[in-house]
Amino acid sequence: MSWEWGVIWQYLPRLLEGAWLTLELVLVSGLIGIALAIPLALMRASDNYWVKALPFLYIYFFRGTPLLVQIFLVYYGASQFDIIRESILWPVLKEAYWCAIIAFSLNTAAYSAELFRSAIQAIPVGELEAAEAVGMNRSLQIRRIVLPRAFGIALPAYGNEVILMLKGSALASTITLLDLTGAARTISARSYTNMEMYLAAGVIYLAISALIIGLFRFMEYRFNRYQYYNHVDTPKDLDPQLRDPHIDR
Amino acid sequence: MASAQTALELKDIHKSFGDLKVLKGVSLTANDGDVISILGSSGSGKSTLLRCINLLENPSQGQILVGQEELQLKPGKDGNLIAANRKQLEQMRSRIGFVFQSFNLWPHKTILENIIEAPVQVLKQPKAEAIARAEQLLEKVGLADKRNAYPDNLSGGQKQRVAIARTLAMDPQVLLFDEPTSALDPELVNEVLAVMKGLADEGRTMLIVTHEMRFARDVSSQVVFLHEGQIEEMGPPEQMFNNPKSQRVQDFMSSHR
Amino acid sequence: GDKIRIATEGAYAPFNMVDSNGELIGFDVEIAKALCAEMKADCEIVAQDWDGIIPGLRARKYDAIIASMSITEERLRVVDFSEKYYSNVLAYVTKDGSNIEVTKAGLKGKTVGAQRATIAGQFLEDNLGDVVDVKLYDTQDNAYLDLQAGRLDALLSDKFPAFDWLRTEEGAGYAFTGEDIDINDEIGIAVRKGDALSGKFSTAIKAIVADGTYAKINEKYFPFSIY
Amino acid sequence: MDLQGFGHLLISGTWITIQLAIASLLVGLVFGLMGAAAKLSDNRIARWLATGYTTLVRGLPELLLVLAIYFGGAQILMWIAGWFGYDEFIEVGQFTAGVAALSIAFGAYATEVFRMAMLAIPKGQWEAGLACGMSKPRTFFRIILPQVWRLAIPGLGNLFQVLLKDTALVSVVGLNDIMRQSQVAISSTKEPFTFFMVAALIYLLLTAAATSFTMLMERMSNPAARGNRS
Amino acid sequence: MASAQTALELKDIHKSFGDLKVLKGVSLTANDGDVISILGSSGSGKSTLLRCINLLENPSQGQILVGQEELQLKPGKDGNLIAANRKQLEQMRSRIGFVFQSFNLWPHKTILENIIEAPVQVLKQPKAEAIARAEQLLEKVGLADKRNAYPDNLSGGQKQRVAIARTLAMDPQVLLFDEPTSALDPELVNEVLAVMKGLADEGRTMLIVTHEMRFARDVSSQVVFLHEGQIEEMGPPEQMFNNPKSQRVQDFMSSHR
């Protein structure tokens, strides 16, 4: 096996362009995914049977089928129907970019909804009762206590989900997008340097994962500050003059 | 303070869990400034009674009045009474303070944030004002230096004192305490009891479920003894502790010195 | 051994495709069989995704590729070819009456598709990559689907498979546009570098052209000669 | 199931998918056990290799892994074999390559599952075996491993679901699984929605079957929970 | 039973964990039929000593003889002694029974399977024979009816009795017990002590680490007192309990009645 390292340098700019698209796909669909996941998770955590059942089917479908099928369904499947092609949605569905975003968002929403549901259910009842006992209404409780707490609890697991989404985004290459994998495939298709390109793409993926992991560590540190809080007394305690026992506070 | 003003009135409260009848008609009136201790053996329904007052538990039957205002109730799906008007319930809850046995502080907020949360969000107090008030309260419970700490960094006794400050920040008409010291080490109990004694001295209306006999005797204006979901006997502490009428209360008192 | 394993793609009608029995059929497949018969060789024909068809050959998954593969300089660096067994031209397909002028100026800003790792794809990237939005598909079929869906303004394809597609029901509303692009494209049989098979295939191709077997197969698919 | 004559293609694709999933599961379990054993071993190099394996494989997109192993697997194998003076052609079929790619991915995750399960078994269980005079390997196979299964099966069940779905990726390299057969059908019928939806439903059926199978295994692996047989 | 036959001999056993010297030269001989109780305060090295005997812990220095046979040791990588011959170690371990404080029954096997596992796998007894023997042993510890139960279905006392039966199934020359009753409720302790007393009466050689003073006094032939990794004093129970020479032992005895 002879390796042609030169081609990696030659095509690096195109790989990096692909990496940028990959990042964009992950970021945009991640944000849309959370926006969808939160109401779904709240519905799943509800006591009402019907409210619970609806998202169940949605989640079951998206967790039980391959992402590749979902992407093809959105990209090639939807365009089979004239109604869709003539609808106002078409300008969006026409773009492979948005089809990928739609498929990834729906997919990650299903997984994240389950994560958030279990986080919501992990909040100690007492903390919610405390909110109720001070007279908070339902929406205030959700906004001020349930969601911030659930988000903090779910954060580490959600970090994993984002990594999984990063890896799943490679499937965008199957619907003509030149994401990192798409770029690697297209380049190697004409230069016949598969291993070199996949190796380079792999290294970039690992670097992006490391970036995401670092980002989540940081977010967790910021968001779950209370777990990392080191007791530092208020500045006046640090002021030696004020610590003098003779000074009456 | 007009001493005959009614702060809280419960009329014939019943509560069942499935087939288990836990409360079987409890009526009770607390006037402004009353400190009522509720005693009773485990399982007698003390916690349930307290939780029914602000509808953390839905009673099966009965009436609840805070001040002169009656809490509007309607039958719910499971046969228990639920609030007919959520707005009124929320408004009433904001006037009843509840201090939990297990504190239930919000761990993702600092001490100060825990205290100002409800005044700002529920009472719509301006934030600066709420902070000023919170600082006074922290001073009062002896925790002024912990304002920026998180609940996880506090000892049990400190947590319970913050929980009390959080409740006081709403300036409630009535304070309900459910065994506020029983989750604490003996050494920490005194911290919290001292704060509660201070509140009693200020003339706050309080209902306290407790196993601290000494505290009940020294601080209460009334002692209520609950037995199998009913009030077995009630009266001023001297009478309840020194010569209770009921045999049940006598037994309880003699085993709990 | 004596057995020759031949790869084809199976998604390039009418040259190679899969029927509803899962059998490989098409012009390439019939040529392959005719060549094997001519060479008196025992052949096995396998389907292989286009993207990996050359790497598969190099990894010895099979010994030859008869999959309508153009002889290009880039490919010649990694594989050897037999002499051509047909000649290819490229052509644009657009919606009937869409009036797109298939010149660099006329296609500016349009979306044009082709199959990944094909001559057509490379032609687009090399000549129009700067002005048009090039979309590359894993299979020709997917490209047709997107042309029908309206995602593509034009499709650059090898002419003959497109000719076949235009005859089908789906292709009814579409037509060739503009001049054929003759890029001197010859289709050959790829074998591993240095493999003597290339010579054997070349001889066999000449033989079947000479004895009329080739013409008979050609007739079944096209009303004109593609040699 | 007729589906315009393509029903049987989908059925044969389903069969390939099932074979692929089960073969990858079995091989992947071996990788997982070896990975876990290496991670828990005293040998620094083994630990280092296993850690490299899991971090690398878990950090790469499965699609990339499938492509790399399919297109590069034979090359790498032959390269390694070349070191040992073996120059013959090494055949890596589509199925083998698919199984290799999927089981390498599965094994990396299974390593973690097994490692956790092994760590969760009290040290006393080992000691009780050793104290009777059993050798280390015998203690491992007779005492520890049966308990590892019980703890690992829920986690492995989840991984199997993921594996089942990842088989779809192998269609990209042309193995005639469900996905690829759907595309073949679509190329004649031009009805992508219908066939991808059918494919989705088949996957749902398979994952549902996998779930019940996992639950069955979970029950089987814990004889004690089946109740007191006395 | 030839009473002067040596069953187990330890010579100058040392053991350190890192810098911590836990055993500092312990020598001990148990003849056939001896029941030796090992006493000592927590952390004095009792468990470590017992675990060194069958190399569950590798001693830093010393010699171990079972019967007349010496266990071959060689220096390992971390400076401790390891078995020079794995086969010999396994064979010796099969002759030394070890009963753990926390039972360590195998939860995935039935009671019967727990007992026959080692005889069948290690001693290569025919299965039928092993089962017959296991049933006798279960009878003896009073658990004949639990043969098909799983460990999780048993009480602590029952588990420990099974653990003893499991050890006896190997028919070991010496039995080692590490606080066999301290994981049990007081009520269950007696069950297990009764079984152990029975074994002592049969003339088994046993080393028992225990905190049960009464049992040590009534059952042992020798009592060893360990202090900071050394034998502070040893002798027959009458002497050790009634007039120990060492001040340390006197203190210990007086605080442990």
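As written, the chain order gives the labels A, B, C, D and E, with residue 1 at the start of each chain.
The working rule: contacts are C-beta pairs under 8 Å (C-beta built on N, C-alpha and C of every residue); 3 or more make two chains touch, one makes a residue touch a chain.
Since the structure is predicted, the reported quantities are computational estimates derived from the model, not experimental observations.
*Asks:* Could you name all chains that are in contact with chain D and with chain E at the same time?
*Replies:* Under the touch definition, chain D and chain E have no mutual neighbours whatsoever.
*Asks:* Quick check on the contact network: minimum steps from chain B to chain E?
*Replies:* Minimal hop count between chain B and chain E: 3.
*Asks:* Of all chains present, which has the mean Cα position farthest from that of chain E?
*Replies:* Between chain E and the rest, the longest centre separation is with C.
*Asks:* Using mean CA coordinates as chain centres, what's the chain C-chain E distance in Å?
*Replies:* Spacing between the chain centres: roughly 81 Å.
*Asks:* Report, in whole Å, the distance between the mean C-alpha point of chain B and the mean C-alpha point of chain C.
*Replies:* So the centre of chain B lies 83 Å away from the centre of chain C.
*Asks:* In angstrom, rounded to a whole number, how far apart do the mean CA points of chain A and chain D lie?
*Replies:* From the centre of chain A to the centre of chain D is 25 Å.
*Asks:* So how far apart, in whole Å, are chain B and chain D when each is placed at the average of its C-alpha atoms?
*Replies:* Using C-alpha averages as centres, the distance is 57 Å.
*Asks:* Spell out, as numbers or ranges, the residues of chain A touching 2 or more other chains.
*Replies:* Those would be 76, 79-80, 174, 185, 194.
*Asks:* Could you list which residues of chain E touch at least two other chains?
*Replies:* None at all.
*Asks:* For chain C, which residues are shared contacts with two or more other chains?
*Replies:* Answer for chain C, listing residues that touch two or more other chains: 51-52, 55, 58, 138, 145, 148.
*Asks:* State which pairs of chains touch, listing all of them.
*Replies:* A-B, A-C, A-D, C-D, D-E
*Asks:* Which chain B residues qualify as touching chain A in the complex?
*Replies:* Residues 54, 56, 86, 89-98, 100, 102-110, 117-118, 121-122, 145, 147-153, 166-167, 170.
*Asks:* For the complex, which residues does chain A have touching chain B?
*Replies:* Residues 124, 126-127, 129-138, 140, 144-145, 148-149, 152, 224-227, 229, 231, 233-234, 236-237 of chain A touch chain B in their complex.
*Asks:* What residues of chain D sit close enough to touch chain E in their complex?
*Replies:* 122, 124-125, 127-128, 130-135, 138, 142-143, 146-147, 150, 222-224, 228-230
*Asks:* Would you tell me which residues of chain C are touching chain D in their complex?
*Replies:* 10-11, 13, 17-18, 20, 22, 47-49, 51-52, 55-56, 58-61, 138-139, 141, 145, 148, 170
*Asks:* Report the residues of chain A in contact with chain D in the complex, numbered from low to high.
*Replies:* Within the complex, chain A touches chain D at residues 1, 60-61, 64-70, 72-73, 76-81, 163, 166-171, 173-174, 181, 184-185, 194-195, 198-199, 201-202, 205-206, 209.
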